[in-house]
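Two complexes come next, and they have one chain in common, chain A, joined by chain B in the first and chain C in the second.
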Partner chain A sequence: MKCVVAGSNVKVLGKAVHSLSRIGDELYFEPVESGLALRTVNLSRSAYACFLFNPLFFQQYDAEAPKEDSQFRCKIAMKSVQTIFKSLSTLEKTVEKCRIDLNLERSRLVFQLLCKYGITKTHKLSFQECESLQAVFAKEECVAILKAQPKLLVDTVMNFPATLEEVNVTVTGERVLFRNHLEEEQDITKLMVTEMSLAADEFDHFEAQEDISITFCLKELRGLLSFAESSGLPINIYFNDPGRPVIFSLDDPVLEVNFVLATLSDEDTRPHEHTVSGAKKRCPPQADTANSTFLSDDIDAYMIEMETTGLEEKQELPADMPSCSTERGTHHALDCFQENSGSDTESEEDIPGTPPQKKFRSLFFGSVLSPASRGPDQTLLNQEVLAEASDEDEAPK
Partner chain B sequence: MCTLRLTKEKLFFMLTDKVANGGVSMWSELLQENFFDEFQIEGISLEYNEIYLELAPENLSRALKTAHNAKSVKIKLTKKHCPCITIAVELPSLSSISRVVTHDIPVELISRRLWNDFREPSVPDFDVSIYLPPLKTVKNVLDRMRNLCHVLVLEANMNGEMNLKIDTDLVSVSTHFRDLGNPPFREGTSRHFQGQDQDPESLTEVKVDIRKFQQFLAGQQVNPDKAICNIASKRMIHIILLHEDVSLQYFIPAIL
Partner chain C sequence: MPLSSQAEAGDEQYVLIASLDNVRNISNILKAIQFKDHATFLATSNGIKVTVEDSKCLQANAFIQADIFQEFIIKEDSVMFRVNMTVLLDCLSIFGSSAVPGMTTALRMCYSGYGFPLTLFLEEGGVVTVCKIKTQEPEETLDFDFCSTNVVNKVILQSDSLREAFSELDMTSEVMQITMSPDKPFFRLSTFGNSGSTHCDYPKDSDMMEIFQCTQTQTNRYKISLLKPSTKALALSCKVSVRTDNRGFLSLQYMIRNDDGQICFVEYYCCPDEEMAEEEP
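== the complex of A and B ==
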């Protein structure tokens, strides 16, 4: 494996690393035939990002694995990669080329920055071989598709405080509303509520079959926005009902970027979204999502939630099942994660359109749930449960 | 939290003298017609046609920051989930329809019987009144002194001279200003002035917390035409900023 990035593309690579570092602590590095994939996922598995650099992005690109039978892929500490690309202005001014090499004898991934005046900076990073990190999502299935120039979203997000965790986006008729999401435990008599309304024709593309309101974390989006702003690429936004991930993507002939963020699900939409994704059943958008109640970002809750979601989706619960009256909704962790190893990886690239139902692999439990082997009455109990389910998080019976 | 008082002619922003805040208080007056094209107020009665409310000033400043290139800004008192000041900002957009940003700032209304707590602080009887040097210069001096000592000695006389001093075991630093000028007394203000009989050369000194003084300087977005400093020995310094749209008074208690 060997690749060389030249000229202004070094800065693009650096910006990508910056943007990824907003999300995860580990960078998944995977050179494949179709290009170099840099991926990360956040600690609570609620946000995933992937930059796929086409071979044309590089001056020289060779994905060939060191050993014939296996595909090389690894993860490296985000901090060390960040250090290499720390100063974007230096990258722009002095770095002429960046060479990435694999030194198998020493087990090091070597980044070389070839600078002006013949200076070469070499960073040898230790790595850990790992399984492929993939989120499977289907942009085509999304009922709302928006396309916007990065400036529009940057200007919008600017109106919200930097400390704001989550933002709520409502698409209704010919308008898109952004507002800050309020946690249940927050004292609304102390917090400033900000709302921004954009006309549909400010978007390059606006397609929403019905009114939808979703809530997701702003921090990760800011990472994408800074990349999009510098590259000037329009941002495509794909989303569905609350609880299902929202996908932000950038497309360029030499680069494909996908950010997948979990959205908050709420009590009213929960029973419906647990039906098969093909059956597009939806309840009317909430008039005031700010008042609906949510669970805080509790990782344990994510885990349980993810596991139960997986089961439910497989079981294809009838649409008329009694609506579960769980008192609170939660963030749906991205229930479409796979951590694959070995041979079946290539067939399951995170190409948009791969159906999420194929196989459900939990990133948390490392288990594979195959639909056939699971009876409807099987519960979490025969799994190694890392966190006890509280009453509220129990799967609907 | 700061208090906003609205009347037909004026807006007042006040920070009242509370020991918990370090005893610093602030009073500012804005003439409504200098800021707004349209202004409507309906107080509790014709007799008391005023509104008193409490809000977090950082919310207000953050909301107004997003409005710097706005086409228009509307400020209303609204009833949402709680009483709010709603700031509706109309921003230019790429389409024919403007972007609209609204900020709801929670406020607490202050009932009529507490209004008396928010009267204009009385001007202290002072010993010296002098114009301050340019605030930027003062800020530069204090930023350096602060690293050495937290107590600032400010002394001035009626001959336009002022010294900023710090004194520690290791070092004494003093910055001298002269020809600053002393404001003339108008009818009514002279009664606060106690130093008529004293020698114009003799210096009156007061000690204040250097950080309190810095806070006041850091908050200066309005560049005043003139700043007057009144020194009440052993009690406080009283600073008045004069600006065409705004008047601002600042009270910093003395350290004994």
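== the complex of A and C ==
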């Protein structure tokens, strides 16, 4: 694969990386025919973001896979990509072109910045091949759809303190209310509560079939807002009942952006409405302490990540990176499932102690579809995707 | 040494008197070499050389020429003393370190000789502060024996371009590798970090390159931790000269223009890293 980004688009790419870096520690890099997809998911899997750059975004775009049989995909450390696009003002002032090349012989993804005065900066990053990262969401099924100019949301969010973790959005009648999310144990007398009310006509599009109140993390949204603000693209917001993800998306002829954020489920007030949430049942240790914050883990149910180590010989990360070795362990576990699924004859590779792949998959999909399909493999799901509380920056896995 | 023994002296007893209208002209340049607590001052009739060293591998010198000062009197051939750099800089910025337009702090720096404190008279808006800093036994400074006749490669760059490269340094890399060559890649800075390698190439005909005199291909590695302090000087400078000698020793000379448009120099010497691991292309 090979692509060249020229002129002001380099800054757009840089901005996208900055937005993504607010969410995850790893950047999933996937060049496909329809464009270059950059994705990430946060540690607790409660937030997912995807930037899809259309081939027209590039001066030159060639997604051709290095090997004919497989699609090239990889993940790279977010930190190292951030370094490349560290200073946006420098990108704007000095960088004329950015070439992204895949060097398979050396297993490096090469980012080359061609700057003014003939200076070139070459970053050769190690990568891990991986499977595609996808979140399952359906914008069409959402009962509330809003569309707003970035400035409206930026101005609204600006009023909240930078330390605020979650924000509550309530759509009622012809108004949208933004306010701090208050946790039950918080002493209201010591808190400042900020609430903003926006009229429906401030939005470019306002469609809500019923009154809905959702709560989600603000941090990830800020990343999207800063990107939307700089690009001037209107923001589409799709959401459903509490507990189901909220989707923020930007659309442009050359770019498509989707941010999927988990929302807190509202079990106290509407215990039966929320069929998807199984977090309390799935993780008993948390259940006792589970205030609604923990339930944002629910996004697990919506996230699908399939990784494989089938191409492990390609991985050339330095051995002294502790995070790699632990991750490989995980991959092995997942790999078993992958291989099982790859060959339709399931009995061929019967690895003891691992449940059949189909169940594993259905676990992921199943939790989206119906909680009933969750079988005896709950513990496995817990091990694989159960993450810690979403609102803390965790140590590397 | 107790303060009482560092007695006060009249003007005629000072061996060194240096006055300056704007203290920022020297505090800035001292900040450019402030990476260790102690600095050795050597004053001669040419001016003052301030030296800071680290690990016997790195030496930084700031040269403050006599004509930077409005008054510069030295009664001996050379005067040498050592002071705590942090304390000195705290004193110099006693009226605040931020530049207020139209408001400058004037300095008169006096020293009576061995065993006496360094006395600073600082004045701003009619208010005078007198600071006395105990001096210490001067230590022998390292002689890097960096001789211009042994210089193999030399480039002079506009600082802007190097500043950027240094600000984006991959600090997970232990070393920075400098390649200088009469052929491609001419002048290359490389780091080798956890997640891959980074090269920054400057062609010899770049507008950022003022002088390019490379006679042979040389690749040397320097500890990033040693080079990092020099970014302070880089930030203030307008031009930088990068030289290496036949032993691989590195000399970085920074040309710094002060508030009044005068020029000072800060120089860093750094030893190469002994272990030269196999090269990554």
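Just so it is clear, the second predicted complex is superposed on the first by the 267 of 397 C-alpha atoms of A that agree within 3 Å, B and C clash if a C-alpha of one lies under 4 Å from a C-alpha of the other, contacts with A are read in each partner's own complex, and residues count from 1 in each chain.
Here is the rule we go by: a residue touches a chain if its C-beta (ideal position, glycine included) is under 8 Å from a C-beta of that chain, and two chains touch if they have at least 3 such contacts.
Model, not experiment: these values are computed from the prediction.
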> Will chain C clash with chain B on chain A after the two structures are superposed, or do they fit?
Replying inline: clash
>> Looking only at contacts as defined up top, I'd like to know whether chain B or chain C touches more of chain A.
In response: C
>> Which partner chains sit in contact with A:Thr94 here, chain B, chain C, both or neither? Use first/second/both/neither.
In response: second
> Thinking of the overlay built on chain A, is A:Ala77 touched by chain B (first), by chain C (second), by both, or by neither?
Replying inline: second
>> Just checking: does A:Gln186 make contact with chain B only, chain C only, both, or neither of them? Give me first, second, both or neither.
In response: neither
> So, A:Met158: does it touch chain B (first), chain C (second), both, or neither?
Replying inline: first
> After lining up the shared chain so the two structures overlap, which partner does A:Gln209 touch, if you call chain B first and chain C second: first, second, both or neither?
Replying inline: neither
> For A:Ser197, is the partner it touches chain B (first), chain C (second), both, or none of the two (neither)?
Replying inline: first
> Clash with chain B: which of chain C's stretches 39-47, 75-83 or 93-101?
Replying inline: 93-101
>> So chain A touches chain B in one structure and chain C in the other; where do those two contact lists coincide?
In response: none
>> Per the contact definition, I'd like the list of chain B residues that touch chain A in the complex.
In response: 56, 59, 62-63, 66, 80-82, 84, 91, 93-97, 99-106
>> Give the list of chain A residues in touch with chain C in this complex.
In response: 76-77, 79-80, 83, 86-87, 90, 94, 106, 108, 117-126, 317-318, 320-321
> In their complex, what parts of chain A are in touch with chain B?
Replying inline: 152, 155, 158-159, 161, 188-199, 201-202
> chain A touches which residues of chain C in the complex?
Replying inline: 161, 164-165, 167-168, 170, 193-203, 205-208, 281
